[in-house]
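The same chain A turns up in both complexes below, where it pairs with chain B and then with chain C.
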Partner chain A sequence: MVSYIVYSIMILILPLLLMGFLQKIKAKLQNRIGAPLLQPFFNVLKLWNKTQILSEDASFLFRFGILLNFCIATYLILSVPWLNFSPMIMGLDLFLLVYLLAAARFFNILSALDTGSPFGAFSGSREAALSFLVEPSLVLCLLAPGLLINSNVMSEMFAFKTAVNSDNPAVWIFASLGLFITALVELSRMPVDDPNTHLELTMVHEAMIIEASGRNLALCEYSYALKLTLFFGLSVQCFLHAVSAFLPSNEWLTLFFSVIGMFFLAAVLAMLETVLVKLKWTKCPDFIAYALTMGMFACIVALRGRT
Partner chain B sequence: MTLTEIFAVATLASITLTQLSVFLPGKYRLVTPTLFCLSALFGMAFSIFSLSSPLNFVLHSPVFLGLMPVQFASNCLSSAFCLLLCLLLLPFALFSQSYIKTKNSLETRFFWLTSGLFVLSMGSVLLSSNAILFLILWEVMSLSSAALVASEMFTRNTARAALIYLSATRVATALIAGGFLAAYYSFKSWNFCDWHFGGTNSLLAEILITLGCLIKSGIWPFHIWLPYAYQAAPAPSAALMSGLMGKVPIIILIQFFLGHSSHSLFIAYILIVLGAISTLWGVIFSLVQNDLKKILAYSSVENLGMITLTLGICQLCKHYPLDGVASVLFAALLFHIFNHAIFKSLLFLGAGAIYKQTRTSNINELGGLSRNMPGTFLFFLIGGAALCSLPPLNGFCSKWLIYEGLFKLALNKDITLCVIALLVILVLIIAGALSLATVSKTISIVFSGRPRTKHSGQATECDFAINLSQGILAVLCILPGLFCVQSKYLWISVLFAIIFYAGFLKQNKQRKIYSTWECGFGALSSRMQQTSESFSQPIAVFFSPLLRYKIVAEITGKDRRHFPERVKTEQSTQSVLEAKVYTPLVVFVSALGRHINRLQAGSIHIYLSYLLLTLITLICLELVW
Partner chain C sequence: MIFTLLILSSAIMAVLMVGTGQVRSNIIFYSFQTLLIALTTCVFAYVENEHKHYILALVIFIVKTMGLSLFLLWLTKRIGTARDTGTFLPHPLAMHLSVLLLIFAQILSCQLPHLSKLEDFSAGGTAGISLILTGILFMLTRRLAISQVLGFLTMENGIFLFALTQASGMPLFVEMGIFLDVFVAVMISGLLIFRIKHSFEHIDVTLLTSLKD
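So, the complex of A and B:
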């Protein structure tokens, strides 16, 4: 019980730390000093106490959508298994995961369009288009380990060193890469969307929350960080499974390794965002095709490996 | 006489009374809906009792249908379907008595008469146990639903829709009758219980019956009639047609093909391929529609496609024999039929309520209805969330079961089955993401933002009966999710969100109401909002060959690049199937008709020469044999 509580607190603190780390590395790479590591915490606290400005055209859905989005993100982060750590909330399977993410997206889009703002609406329609492109790759990347382990329950899929024929590194590596690219699209990071701009008509995520302020914005930022942790966590876990032969089996140690891995991914992302430029909107499907290809490779290898 | 028979008679009697009560004078207006509800309750009792003691009823002479007597028999499937039918009749009657409130009482009477006939024939077509009775009831069902489609016959569009629908049902009936003849030829009986499909000798019958059923339920490429008919029909009838009538053919297919030991692989593949195509086709077209009822109609194509697809895979599993997977998929199939009936009816009733208050169902003329019609908004939101199968609601429960079955199938050793299962999972995932886009577009354009026209700005909430009927269906959408183990914690998190929300309301000091951010350009007008077309544009461009998607932009002005005086964009979509296949087909058939018409020139001399020719031909034939 104690370990569950410790774990839950850790997993709820980690997202903001990860965001701070990401910003810091990005600043260093761009020869800036950058904000302190704990800046996201300060931001959320500051926003929490600020006055929220609501649009006169907004209905209850605007704030309720943001809240529901946050609750779903928290639910997901507490129910995704973490290597040997069985989660707080059992019984998450991969289709439930995908559809919960879809539910979060649904309410995101609705609250973006609720105020009648053309900015929010544009980004809402883009988000819907991106999600339709990226969802198949997410499912394929998660199906491949499932096919390998013969189960679609997440806690069995990601159970460490217990599964029968999980020693198929190729599947895990493809899945890991596919999930990372999927994460870039789902979280609207660099090649698809620039998280730093706020006034460009090509933006996706930032424009969706353009009407949010005060507590609503704090919730938006925090649920975004939670989602980042979720995706990076899945990707890192897949990678750790690929190299499971070299890892100790102590659960706290593997947890430590996966946290290190997530910070590593954040550093990779920071580098990508320094080097890459944003893709033209019409080129995004080509980029997403990489994730789909990774997912397909993973599934094919899993099918071949089984028979 | 068993309880089942008593309630069957009671249902029949009360429906007949309902039909008669239509002719009462105008001040007894409420009698008909009340009797309708009563017969729905009797029907429910009948279907519950018939689950334990099945109905088996033969009406002997003097009533005789030429080849077979009037004969009804129920099984679990048809009883369950009758239960669903009666369950939906309650909200239907509640809604209709408020919706069909026109001055012209002839119209009201016509509506109640045809809907009574429609409901009765729909329920009894599944209970009929021989082919002749089945065909008669099937025809009554088709014609009464066509009459319902035509019941708002003010416009040319409605007439056209009714004509298209009628021709589709003609073809379907012809195919099914042909199929029954072929089945009689191979099994030498008109009784359904003697028919055992699956062998090689009955393949023709199977194909004909399958095609007829697919036309009737609106599967690709026969879905053309569906958007026209559902758009033209009054909303409550559209709810019944989409929620129930579309499933009758599917239930028939299940009864004919799934109950036996041997299974035809060919039919299974037809069902899988057509189901998969119509799943994607329906959802893509539903995304680009601007009419609320058309959006729902195309999404019915999607859902029926999904049901057909599951049926096909179920049959495939039974062939191989993988009974475990087949039973999971069968359960999922029935559950989805049930759920789709509920949430689609809810959405059609919502569309009807909006039409009643604003007199339009073009979503680009709506907007901002969340303030004026909060009840309808809430129920439509629940129905929409169920339609794109978001977790705690009923749509997710059945879709999850379908995925579960498919995943089990993917774990099979046979690589072909694995690949089929994975492809189907991908199709369902893509369709799910697209239907999410469709629903979020619809809800936000209709209910959010500022009203786009005066009608939607001045709309008021509809009366209590309409909201109650939607509420019943919304509760039915939520209930299955409550009993789903997976979503126990999910409900807790939804509850958390609601509690949080309530808690936030108290902090009024820290809130300011201000206009939507407009880049400092001054107040946003209602025209400066997202339209239905602009929301679907990124995805529509992706599928432009299928949709024949075109955008024509016209910018005029002296310095038209920097200071345009007038910007006009027009966007058009058209179904490639309709343009490339059906229109040429109709042109061809009518041209052929003109040529054949020449035979009937109206001249007695030509007719006499026909007689002579026939005589000569017959004599020649006689000589040859």
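So, the complex of A and C:
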């Protein structure tokens, strides 16, 4: 019962808090004061109370796509083991996760195209290009832990109790690194897309939601935050499995480390976004190839450990 | 365990080196690779209880990790080349191919006879063969003369690792002689790159076959 309450509080608070923390650290690193830590909460509340303006050319698909995106993100946050204790909906298959993410992206692209704005069109095509480049690495990074224990159920793969999946740290480290790079691409963060600018040349994710306003935009931002939590959580869980030999077996302590790890990843991302410049669009595949290589390494080590 | 981890991560650094066209990042990856090899040699010396390998590790660290890497970094800055455009294979594909070569090296090294006293003998063979193959791939897919030097150095690392783990290393004087050779070879090739750059205004090896008045 306590774990359910803690889990619900985590889901409600952590995503937007992570976004606020990310913005704050980034501002600090760039010598700005920055928005308060709770700014994403205020933003969502403000947008929720605003009137929404829909394009005249938009059909039902526009709102449907945004809503479906939010629903899938909510379902995934409830069923993926992004925290150390077991989720509410058990037995999510890893391929279902990949396909649900693809479906969310598909409807996202549709709703971006639906308003008929050129911004939506080019961002849709860019998002599609990025997503098919990054999908193999996501599959391989999640498959490697599955190979260790001969299962493709997420909650079994990420269970802390079994000894089999914790005595092979290399697999988990590669999976963790691969998932982090994948997260950067999936969430269109810095090396492939600059989330701060609203310049035609650089936008991917921002241009997709440029037609959304009011409640639609609030839903978009919230589902983005949920996805960020999901990817960072998975990456941190992989890392915690790698070092699980040194961790105490206390569940609450592991939860504490998971949350700290996610904030640490957010800080790393803020640092990357301060230091790095956006890659030239044609150089993006070179960067994404590293995620795939990490996934391949993870799978090789997992297969080597099995024989 | 830690020996296997170190030795395989040096091979992984070589694989990651293939993936980028930035000459600076290539050199930094090479430097990490040799640092890991120096650490491996230290661990090897501890396991085998042979003191000459400590000297070897120190020499690797000084000559290769610091000396050659800094020299090559200085050279790239001096001749002003930042990026290698590659020949027939794009960099990401070359990196994935070298992952496959790593698997091939693993299969090969499993066939090798047990010569060393080490527990996990196949990891050393895997890393050695993989480094040699990756170095060859690196030389094949690159255009700049400085990348050819890096590929050659990677191959040399592979041969060293293979000798170290499969035959418990060569006599100290032979190793020292090889280091001196490599050092001199890189210095001379640096000089040559300088001259090529001076007279041809590029260091693209694919264009060197055409005659020039």
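Points to keep in mind about this one:
Note that in this section the second predicted complex is superposed on the first by the 299 of 307 C-alpha atoms of A that agree within 3 Å, B and C clash if a C-alpha of one lies under 4 Å from a C-alpha of the other, contacts with A are read in each partner's own complex, and residues count from 1 in each chain.
The criterion applied here is as follows: a contact is a pair of C-beta atoms (placed from the backbone, for glycine too) under 8 Å apart; a residue touches a chain by one contact, two chains touch by 3 or more.
All values derive from a computational prediction rather than experimental measurement.
Contacts of A:Ala170 after superposition on the shared chain: chain C is touched, whereas chain B is not.
In the superposition on chain A, A:Phe231 contacts neither chain B nor chain C.
Within the superposed three-chain model, A:Pro285 lies in touch with chain B and with chain C [touch as defined at top]. Look at A:Thr74: by the touch rule set out above, it reaches chain B but stays clear of chain C.
After overlaying the two complexes on the shared chain, residue contacts for A:Tyr7 are found with neither chain B nor chain C. Of the two partner chains, chain C is the only one that A:Thr293 touches; chain B does not reach it.
More residues of chain A are touched by B (comparison of chain B with chain C). When the shared chain is aligned, no partner comes close enough to touch A:Phe239: not chain B, not chain C. Counting contacts as defined above, chain A residues 285 meet chain B in one complex and chain C in the other. Listing the residues of chain B that touch chain A in their complex gives 367-368, 370-371, 377, 381, 385, 388-391, 396, 399-400, 403-404, 407, 410-411, 413, 415, 418-419, 422, 425-426, 429-430, 432-434, 436-437, 439-441, 443-445, 447-450, 485-486, 489-490, 493-494, 496-498, 500-501, 504, 510-518, 524, 526, 528-530, 534-539, 542.
Those residues of chain C that touch chain A in the complex are listed here as 5, 8, 12, 15-16, 19-21, 91-92, 95-96, 99, 102-103, 106. Those residues of chain A whose C-beta lies close enough to touch chain B in the complex are 50-61, 63-64, 67-68, 70-72, 74-75, 79, 89, 91, 93, 95-96, 98-100, 102-103, 105-106, 109-110, 113-119, 121-122, 124-126, 128-129, 131-132, 135-136, 139-140, 143, 146-147, 150, 152, 210-211, 214-215, 281, 285, 299, 303, 307. On the side of chain A, the complex with chain C involves touching residues 170, 285-286, 288-290, 292-293, 296-297, 300, 304.
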